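When the chains are written out, they are named A, B, C and D in that same order, and each has its own residue count from 1.
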């Protein structure tokens, strides 16, 4: 059985070490917060200038001055701190975050990430903090379905979409398997209802199963 | 000089035709909406706007774009669910766009404020945004050379100011304000309240008064 | 990880032979004297010390130098009225010295903490300290290329910490602490008091907890 | 009559525009603070991380956590702010201070400053913030006697001592005259008991009197 989006979020949450400082990208990565174990001590960073971000704000909690990177209202946890944008991105660029979780259009076997532009000629380019996040965290986790709607794989020998960052992805969480990109070969860390053989058939990248 | 407390319209009269204007805010958090309104009323045009986004909805920066006053936008993320004003101008070829990764945008303004001539950033290496940039390998890692972004005027929103111009912000509305205040020749801060000198604890000042030239009080 | 509250001796046991240690303080303001004492007791040697000064009187950094644990000092201002320990070692050829202008010293540590590969600074152009440095004219002004200074360990003094490691400082004792905390692989902060999480207003945190690994409480 | 040290400080203070942000170097420049007009709105910066520095602290006011760049205890004025060293030197290097006042061993006709080292082979080099201050402020004022104890001029065609900064001095306040260095010629702004002719005789730099 392939994983639901919720199950994927749960598996990513499981793999975040207790006490980590983590940035959750816009979209699906945001849902990982729902599955962090209470008492895990994981602290969430939002690149618009906060550590210690809490859950989404509801009702009277909504404060237009307190949002996440997706500009949605959020809450503040005890032990939080605020800082300006240059300090926030210094924190990321300087390698202080333990984990950053992002979506992707494509990831290459060598860990290149493409998640900001489909390269369509009429698209309005917009990168936000994606390139800074990609190169900044100690580990970059990608969450995506392994195959696009047309069945083409999103884990590829080399990205055809414009890159966000080079060789920056440490782990790729998909609905059917989890991968660790490497210089020569991609390691299959875990599978969900699919065999290594079938993965090898459907992907154009060299795979090894986890030892 | 101690900051001057004035009206929004008087404050923005410092903006000249063709100026580069740094506009604070991340989405609407920290956006100095009333200063943008005054800038529309005042009328300077041919502006280059540096801001994280390219306007939301029909107010603030979006309204300035709609009024045809902006020649170019330098930002990290123009395309949003509610960026229809920018989208229309861009597709019609009526506005220039320079996309800069968000962290480089912040750091380039910091460099302008801090007197740094240029810096090597690892962000964007190997991407289309590296095109035309000088690159260098330092200590085994590749970097791109990034230059300062200076403003003629910065328009920012803070929370409370004292009458000298010391500023504190509120939550994530702090975002670009403290950086932009250092990077412009003239900084205009819209604040919710101006208090007397001495009413802000010197330990908690985020933007020292030296960076603030004009204050506009807009109760929220 | 949340900061670990421990003893000075346990905390400094992270310092290894040959490490580069960033030591906070401007003179004695912000100098983590008890951490220096513990480092002397613990015994690691062959250290490179990065600090604004090279020790005052016979305590703190000066005592570490006197104990023969330091191979090299990187600082802006070693020579002071009460820097007799350093002066003696230097004249006897027993210690190396690299003099860095104070602002470049701070900015080079900031660069290390901020992931900047190198930066062009106007400070020192045309002076003897420019020797051997790459220079470049940008926009009509000459700059020197300066590289990051990283620490294996930073030893700093702050005022109050919460138990996660968020720090606030006191007056001009803030000086190098916030910068060094970002520039070292491991940061140890000596504080006057540790309070519970939530007791420090998130708006006034100067060093976010992410930069602080170990806390040592020393009542003052 | 040549000026006393106190009279020099008074003249420098007179030339600081109201409302300026000013850094006073260690030593003689510190005394300028005593002659700032009450209500001038001049705000003092100290590079160890403070704007709004007050007078020296005495008695119970002395706080080891509150010192100036000379490490002497000082006081805090209303409207002060504290910041860390990187921010403090960003403020200087970024050209935000209106005036910086420093002592000097030598100033060249072109405004080069030498004030950190006599170049003696056995000296322990120590620069502190002098090089950062020299290139940072909008205007650099130097305070010095015009002649050394041996009678040699300290305003020279080119500095023989190691430089602190190149072409950075805008005004030189001495006990007998005030000078404005320039690319081709030094302008004599004001004299105190000495004629331009005598100055021309004793100095090896081209002088013009102020228009």
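Quick note on the criterion: a residue touches a chain if its C-beta (ideal position, glycine included) is under 8 Å from a C-beta of that chain, and two chains touch if they have at least 3 such contacts.
The shown structure was predicted, so the numbers you read here are calculated from the model rather than taken from an experiment.
> Tally the contacting C-beta pairs at the C-D interface and at the A-C interface, and name the larger one.
C-D
> Using Cα averages as centroids, what's the distance between chain A and chain B in whole Å?
28
> Roughly how many whole angstrom separate the Cα centroids of chain A and chain C?
Their C-alpha centroids are separated by 34 Å.
> Quick check: how many Å separate the C-alpha centres of chain A and chain D?
So the centroids are 54 Å from each other.
> Could you check chain B for residues that touch two or more other chains and list them?
Correct list: 107, 110, 114-116, 121-122, 169-171, 202-203.
> Going by the contact rule already set, what residues in chain D reach two or more other chains?
In chain D, the residues touching two or more other chains are 50, 76, 82-83, 89-90, 92-93, 135-136.
> Graph of touching chains, which shape: line, ring, star, complete, other?
Per interface graph, the chains form some other shape.
> Judged by the touch rule stated earlier, which pairs of chains are there in contact?
A-B, A-C, B-C, B-D, C-D
> What does chain C use to touch chain B in their complex?
It comes out as residues 107, 111, 114-122, 136, 138-139, 141, 143, 147, 168-171, 203-204.
> Which residues, counting only chain D, touch chain C once they are in their complex?
Its residues touching chain C are 46-50, 63-67, 71, 76, 82-86, 88-90, 92-93, 112, 117, 122-132, 135-136, 162-166.
> For the complex, which residues does chain C have touching chain D?
Within the complex, chain C contacts chain D at residues 26-30, 52, 76-80, 86-87, 90-91, 97, 99-107, 109-110, 121-129, 169-179, 206.
> Under the stated contact criterion, what part of chain B meets chain D in this complex?
1-2, 110, 112-116, 162, 164, 166, 182, 197-198, 202-203, 205, 208-211
> Which of the residues in chain D end up touching chain B in this complex?
That would be residues 19-21, 41, 43, 45, 50-52, 76, 78-83, 89-97, 135-136 of chain D.
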